[in-house]
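In the two assemblies presented below, chain A is common to both, partnered first by chain B and then by chain C.
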Partner chain A sequence: MNEGFGPQKVFEIFGMPITNTVTVTWFIMAIIIGVSYLATKNLKKRASGAQIVTELIVTAINDLTEQTMGKKLKAFSPYIGTLLIFLGIANIAGLFGVRPPTADVNTTISLAIVTFVMIHFFGMKYNGLSYLKGFAEPFVLLLPLNIMGELATPISLGFRLFGNIVGGMIIMNLLYGALANFTPALIGIPFLQAGIPVAFHIYFDLFSGVLQSFIFAMLTMVFISIAVD
Partner chain B sequence: MSFDLITANLRLGLVEFNATFFFQIFNTFVLYLFLRKLLFKPVTELIENREMEIASDIDSAIKKNEEAEELKNEYNQKIKDIENEGKKIIKEAKLIAETEASKIIEKVREDEKEIRVKNQMELEREKVKAINELKDEISNLTIMAASKVIGKNLKLEDHIALIDQFIDEVGDTKWQN
Partner chain C sequence: MSKLKFKDYENLTLISQIALIMIIPIFAGLFFGKWLDEKLQTGNIFLLVMIILGVIIAFLNLFKYTMKGIKNKNDEDE
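Then we have the complex of A and B:
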């Protein structure tokens, strides 16, 4: 199984394989936590320098959450912010030469399952039994269809992100492989890898990565607020 | 934990669920807790506090402005009042002074008149007195002259009556000139 584009096993804990998905995630987490610790170490009432950027990011996420989910649910802002920041960095991790954690179906489906649980937990918390009754609407015969529709949500959510990122990663790998094969045949110097991949990186890693993390966070907000309303 | 070269760096299937699933849920949860505590809570609180502070600052500034405006109007009114008061006082003082002055002038005039009248009366009295004295003098002289001429002493009373008659006949006007 040393072929293909699956995540690599780095080591094992109690027989559980720890893949580079997890190690890269830890690395990204360490960076995010470290940066946010430094950014908020001494906040001042009169903001200056890096604090302005920090406040800008937090305000943008707070505003986005409040606009999408309403004032009632603005407490979701830290979770949405976690999704946006983590997915945003994880999706463009390919730029730094590591395997993006979101190119692993375990990551994306786990996040989608968390969203799924949140949708139904908060749906029931805010609407009680009438929320469950909503699955039998407009009439009882549609109950299985509604349940299947609900189950499709985390699958589509998780695989949309996974597919986009892993697709980009595979294309980039193929491109690098192809360029590596082309150059020796031309003059023997690997020069083609220098400029050509940039355009592909911009599209598949930057554009697609940022867009997909935004879509994931957006859909999470929309689904939760629909269930709560 | 084991790390052996045979299984290390082996690729797992592209779509293969394994323990990573649970690791990633746990990782996300940990990251969420850290970000909430480190980033979102302090920054949001700071911004909210600042917004509240700014709002209260603006409110108090508006209030102070209103107070200042009120005070300004009050003081303007006071200054106006004082000006009016001053004008009134000056006017009154002028009036008093004028009446006083006219009174004084009136008095002076009256005094003058009085003095003049008095003087006139005095003069009149003096004149009468002088006339009377002259009359006496003349009658005495006349008596003396007559007695010298006649050589005998006439009865005094008869003579006075005679002389007076004479003088009256001559008239006051002649004496005055």
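Then we have the complex of A and C:
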């Protein structure tokens, strides 16, 4: 896929193509690791500066997990926090002029499969065989239909995130293309690109991006808590 | 610091999920049925059967979500 709006191949490792989705993901991973290291380096009992911000973020994520999943499943908050922060940064990557990793269906479906595996793993871990019996409810004949219905969860999670981000990215690219052609024809100075895309960036990158990362994390929590209850 | 009420957003995200969990099994049935019909040269039989199955799965999913909503409401009332 080297044409259109798909991910572009940057280089190859042992014949394996590395796309800009992967390189941007590595970059985001480096940022998260770096910031986490710096924010937790010199922790003091009396918080000040960056430690206050870090503590606020950790407390908010802990509260979110506890209120949605209950006290019993509070241990999920590191995973949910990572998901929120990674998706939050990945979705707004378009603001910095790079291709958001979540505009690649491979990233979103992989994350959705992780959620799918977690739902059923923890469902079985907490409820044992009675969890599997739940698939044969309200009656046994519905067993294959229930199993097929479960497959809708990762597909809907993955494609919702992918669709929102890639849709925003395509509209922004079209807008920049249109403005680049339109303004020189108007007075000869490309002035419209300066202000008009800002409103669209706020909606498609910031609002939609943050909202979708929140929805992804929230649905992950809701589905896991439904399976465990 | 007062705690944010994240619980309120749970139902909002579930509502946004309802359309997707209904439409995905129906479309999956459509494409799978069409593929089977082309493979087996059976006209439109599998297409119809798979779409009907998709609709049943969509309603089963909807039923599960509704039950979860009712359970949430009962838990809040208690």
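Note that in this section the second predicted complex is superposed on the first by the 227 of 229 C-alpha atoms of A that agree within 3 Å, B and C clash if a C-alpha of one lies under 4 Å from a C-alpha of the other, contacts with A are read in each partner's own complex, and residues count from 1 in each chain.
We adopt the following convention: a contact is a pair of C-beta atoms (placed from the backbone, for glycine too) under 8 Å apart; a residue touches a chain by one contact, two chains touch by 3 or more.
Just so you know, these numbers come straight off a predicted model, no measurement behind them.
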Looking at A:152, would you say it contacts chain B, chain C, both, or neither? Reply first, second, both or neither.
second
Go through the superposed model and pick first if A:165 touches only chain B, second if only chain C, both, or neither.
neither
Touching partner for A:68 - first (chain B), second (chain C), both, neither:
second
Have a look at where A:89 lands relative to chain B and chain C in the superposition and call it first, second, both or neither.
neither
A:227 contacts which: chain B (first), chain C (second), both, neither?
neither
Which partner does A:215 contact after superposing on A: first (chain B), second (chain C), both, neither?
second
Using the superposition on chain A described above, determine whether A:112 touches chain B (first), chain C (second), both, or neither.
neither
Touch check for A:192: first (chain B), second (chain C), both, or neither?
neither
Do chain B and chain C touch any of the same residues on chain A, and if so, which?
59
Give every residue of chain A touching chain C within the complex, in rising order.
59-60, 63-64, 67-68, 142, 145-146, 148-149, 151-153, 155-156, 159-160, 214-215, 218-219, 222, 226
In their shared complex, at which residues does chain A touch chain B?
1-14, 16-19, 21-22, 25-26, 29, 32-33, 36-37, 39-40, 43, 45, 54-55, 58-59, 61-62, 77-79, 81-82, 85-86, 101, 104-107, 109-111, 113-114, 166
Can you list the residues on chain C that touch chain A in the complex?
1, 3-7, 9-10, 13-14, 16-17, 20-21, 24-25, 28, 53, 56-57, 60-61, 64, 68
Per the contact definition, I'd like the list of chain B residues that touch chain A in the complex.
1-3, 7-25, 27-28, 30-32, 34-36, 38-44, 46-47, 49-50, 53
